[in-house]
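The two complexes that follow have subunit A in common; it is paired with subunit B in the first and with subunit C in the second.
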Partner chain A sequence: MSLRLVRIDDRLIHGQVVAGWLRALGAQRIVIVDDAAARDEFLREVLTLAAPSGVPVEVLDLVGGAARCIDLAASREPVIVLARSPRTVLALRQAGVPIEVVDLGGLGAGPGRRRLHRTISVSADELAELRELEQLGTRVEIRIVADDRPIALRSLDPAR
Partner chain B sequence: MFRKSAGLGVGLVLVFALAALIPGPVLGAGNGASADTGRIAVSAWQAALIALGYYLANSPWLFGLAFFTLYRPLVAGFFVGLILGDPAQGTLIGAAINVPYLGFISAGGTLPADASFAGWVGTTVALAGHLDPTKAIPIAFGLGLLGTIIFYARMSLDSIFAHWADARAEKADIGGVALMNWLPGQAFLFAASVVPVFLFALNGPSYVQDALDRLPLWTVNGLIIAGGILPALGIALNMRFIFRGSAIPYFFIGFIVWTATRGSLSLVVIAALGLALAYLHLTFVRPVVTATSEPDRELQPASAATSGAGSAAGSTAAGSTVGSAAGSGVRVTRGDLLRSWALWTFFAHANYNYERLQGTGFAHAMTPIIKRLYTTPDEIRAALKRHLVFFNTEPNFGNIVHGTVIAMEEQRANGAPIDDDAINSVKSGLMGPLAGIGDTLSQSTITPILLALGIGIAGGTAGGSAVPTLAGATGNPLGAIIYMVLVSVVIVAIGYTAWMQGYARGRTFVTDILRSGTIDRVLVGAGVLGNMVLGALAAKFVVVNLAPTITISGAQLNIQAAVLDPLFPGALALGLVVLTWWLLRRVNPLVLLAIFLVGSILAAYPFFGPGQSNAGDYSYQACTSSLLHPYAPCGAPPAPSAKP
Partner chain C sequence: MRKFRIVLAGHGTLPAALLATTELICGPVADAAAVGLEPTESPDHYTESLRDAIGHDGRRVLVLCDLLGGTPFNVASAIARRSPRVVCISGASLAIALEAALADGDLDDALVERLLEVGRSGIVETERHRARRAS
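Right after this comes the complex of A and B.
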């Protein structure tokens, strides 16, 4: 078994996740893997309280997150895993977390970032990390909300 | 890349505009009114007013409330009705068109369909063409899909204007940044909205009417059937948010109350019943557990105070600023705070774009604060650039972020050690979670419930038949007006409170309000009320009329009218709604929409037996041998509309 949804989104929890994906997947749990959020007591609490009641949120650092994700992948429980950057997801994958699909849900624009599609922009490093994920057998898709048709990264990758 | 996509957008809008322009003259359909059909000729100035209304619905000029008011087909229908001289019928059509959009939300730059295009153009087409509201539903839904072209063109093009704002920021030009947030984006939106909608409003009615006249009559029947089935999709989309847990039975209560009273109770009465039940539910069935009442969280209000005042640099800023540190340094005045709030409320989405979403809107809102706090060009430049970055939250409840950031800027200007990182991390850390709560509150709870109430009132009294049909109903403009007032008051109150409390209490306010269980209580109570109202609305708008008959001891009986309806009136409609809700977990809504449309039209095909003749007023002819019937199962035609 592998994880239902691993989403890369620099906003972590927000409307598209709470109002859209959670319901669409029928997920009952959100796992956030983010070192900075895991360290910040305030942010951790806000993220925990921001999810609808009855949906537990776990905010974990990379090490704890990898172990937890491996357990969850084996358990078949519908769960959404959120990370802020491709680097985190690549690290999870390299730590042995089975990930079938990575969803690019929100990566903001900025200097040195190339826009791939609508609200999805990547830096050169991030693009390299995503390509590496693909080489490890994980599909990388852009799918901002659950009702969107997924777009494969390969079809937008400027190098191809 | 921007230029490419922008060019594409502009091109699409032009094509779209031409498409509206050509058919009228080519097909030779005139605009002339004919008294016997009840059609209305849309004059050029009426079309211009409708086009202006559509632009306003997407513009910032109504204190940020356009998205909650003019954007909604219910309200659009009322105003189109006013413009064309029949507000009651306009409101009824708008209400019907609005039902498939009940589950509509737009979050983070995505838009499933342009409900405002469906509302403004759809009502015009239906009202001027004297179409009955049921027939207008599928036509307007198609228009709504077309309208997204304008939204996506604008989201692409407006990214360019964010860079124009960057250039002004580099020159420490505060007014220039503010101007770039609205002038170019709105100029484009005005042109891209007014031209196509004007042409559609002018030519659309005769074009659509002409197309309907040329279609085989059974397909027109199919459209009417689709008009009874598409509302199930909108209701089910909204059920995804509230039809769960212990609130589920209230949906059925709402449905049964409506069918049992044959629609003779006003939806206001059902909503009042829902409020009473919500109170009982919160008291006895599902009392909200506040975080502080759990043993392991006993001490948290105290620790909140500590974390609010102590931990990171960011939190000291927002903890307890107001009133303290009086005497020295610059302070943000109450006027600055109000001006900043007003700018945000007006212009948050004036330059909404894919690259930064509300980024330029945030910078625009900060301009009074920056003017007050910073004097040197270097400081101003840095502050403008700091706030021009990507930003996206729910623009009302999310205002806690702005209040908090203003408090931090104030501290920073007075020498507190708050760097860009501290401010950025508060913005980027809070904007997502608060948007999650805010969207749940405003877009998927408050708006649809108030809309459902308004639509119910607007739908007016039914024609008196067992299964009420819209064709015989008289609209009630009060539905649109009550909705507008209620939603405006609630949304502004949330936005103002969040802004001011965010400034005064910052992070402490965030944790306090989240822990208090208030939001949970509102959501649970609203879930009960929402299910009641939605259930009633499903009974009112979802229509399934099964055609097949069975023969029992020589008598031919319609399965629905003779067997199902006596057992459980509306059982098929209820079943369809619940089935749609279940399917939506597995099937994309657009795919489901296509299945419903094609299915409705195919089901209207007269497969066997008599009744295939195209002669006469086929659309009202009873007992044709198709699978589904328009209006009523093998029954009499609806009472003709009371319109002159």
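Right after this comes the complex of A and C.
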């Protein structure tokens, strides 16, 4: 079994995630893979506060997160996995986490970042990492809220 | 007289509308601000806007947020965890905003408990509410 969906969102937990995605996935658990957050007790606490009661939040570093995601994929428990950047998800995939779909949910604009769609912008490095994920057999889609029709990265990718 | 500032925090135009509607009912609300999160706004930018609205004068501030787990709440609760003069409540409603606007005195534990109770007790379904009132 694979993880159904890993969401890349630089805001991690926020309104679209708690109000839409948890329900859409039937998920009762949030797993955040983020080295910086895992090291920062304050950030971990704020992220935990953001989830509805009854939904545990696990904040793990890359190594712990990969092991946990492999277990969760095998267990078939519906779960939402959040990461801040394509790099983290690529690292999870390379560590052997089976991921069916990567959802681009929020990647902010900024200098050196190309806008792909509405609130989704990527740097050249991030685009390369997303393409690598596709080559590893993971679909990469933009789907900001669960009700959106997914847009395949391939259909927007300027190099194709 | 109320001795604390009120900041309404939420998504889009909701905070501004909540403040305007509160004033519609109880008249001008002094020392209050509304900070709405725009769809394309980054959490960092919103943090700055919220910090400005909270102010840097050391006074106590009540931040009323619209959605548990939303960015406005996440940002406000991060500020509140670091700054004991800031109290952050989620699930803001007109009832809570009115109670806060009309509050007298300090933002103390008793007031925070009262605001939470006003919010909870204002959520009813007519039939169930009627049955409970009748019994």
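Keep in mind that, in the parts below, the second predicted complex is superposed on the first by the 160 of 160 C-alpha atoms of A that agree within 3 Å, B and C clash if a C-alpha of one lies under 4 Å from a C-alpha of the other, contacts with A are read in each partner's own complex, and residues count from 1 in each chain.
The rule is simple: contacts are C-beta pairs under 8 Å (C-beta built on N, C-alpha and C of every residue); 3 or more make two chains touch, one makes a residue touch a chain.
These figures come from a predicted structure and were not determined experimentally.
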{"item": "Clash or fit, subunit B versus subunit C on superposed subunit A", "value": "clash"}
{"item": "Subunit B versus subunit C as contact partner of A:Pro52, first or second or both or neither", "value": "both"}
{"item": "Touching partner for A:Thr88 - first (subunit B), second (subunit C), both, neither", "value": "neither"}
{"item": "Subunit B versus subunit C as contact partner of A:Ala19, first or second or both or neither", "value": "both"}
{"item": "Partner chain(s) touched by A:Gly108 [first = subunit B, second = subunit C, both, neither]", "value": "both"}
{"item": "Partner touching more residues of subunit A, whether subunit B or subunit C", "value": "B"}
{"item": "Partner chain(s) touched by A:Thr138 [first = subunit B, second = subunit C, both, neither]", "value": "neither"}
{"item": "Touched partner set for A:Asp148, first subunit B, second subunit C, both or neither", "value": "first"}
{"item": "Colliding region between subunit C and subunit B, picked from 238-246, 472-480 or 526-534 after the shared-chain fit", "value": "526-534"}
{"item": "Subunit A positions touched by subunit B in one structure and by subunit C in the second", "value": "10-11, 13-15, 17-19, 42, 45-47, 49-52, 108-109, 118-119"}
{"item": "Subunit A partner contacts - residues on subunit B that touch it in the complex", "value": "1-2, 105, 107-110, 112, 155, 159, 240-241, 245, 288, 291, 307, 311-312, 315, 354-357, 389-390, 392-394, 425, 428-440, 443-444, 507, 510-511, 514-515, 520, 523, 585, 588-590"}
{"item": "Of subunit A, residues touching subunit B in the complex", "value": "9-20, 23-24, 26, 36-37, 40-43, 45-47, 49-54, 106, 108-110, 115, 118-119, 121, 144-145, 147-149"}
{"item": "For the subunit A and subunit C complex, residues of the former touching the latter", "value": "10-11, 13-15, 17-19, 42, 45-47, 49-52, 108-109, 118-119"}
{"item": "Contact set on subunit C toward subunit A in their complex", "value": "11, 39-40, 42-43, 67-71, 73-74, 77-78, 81-82"}
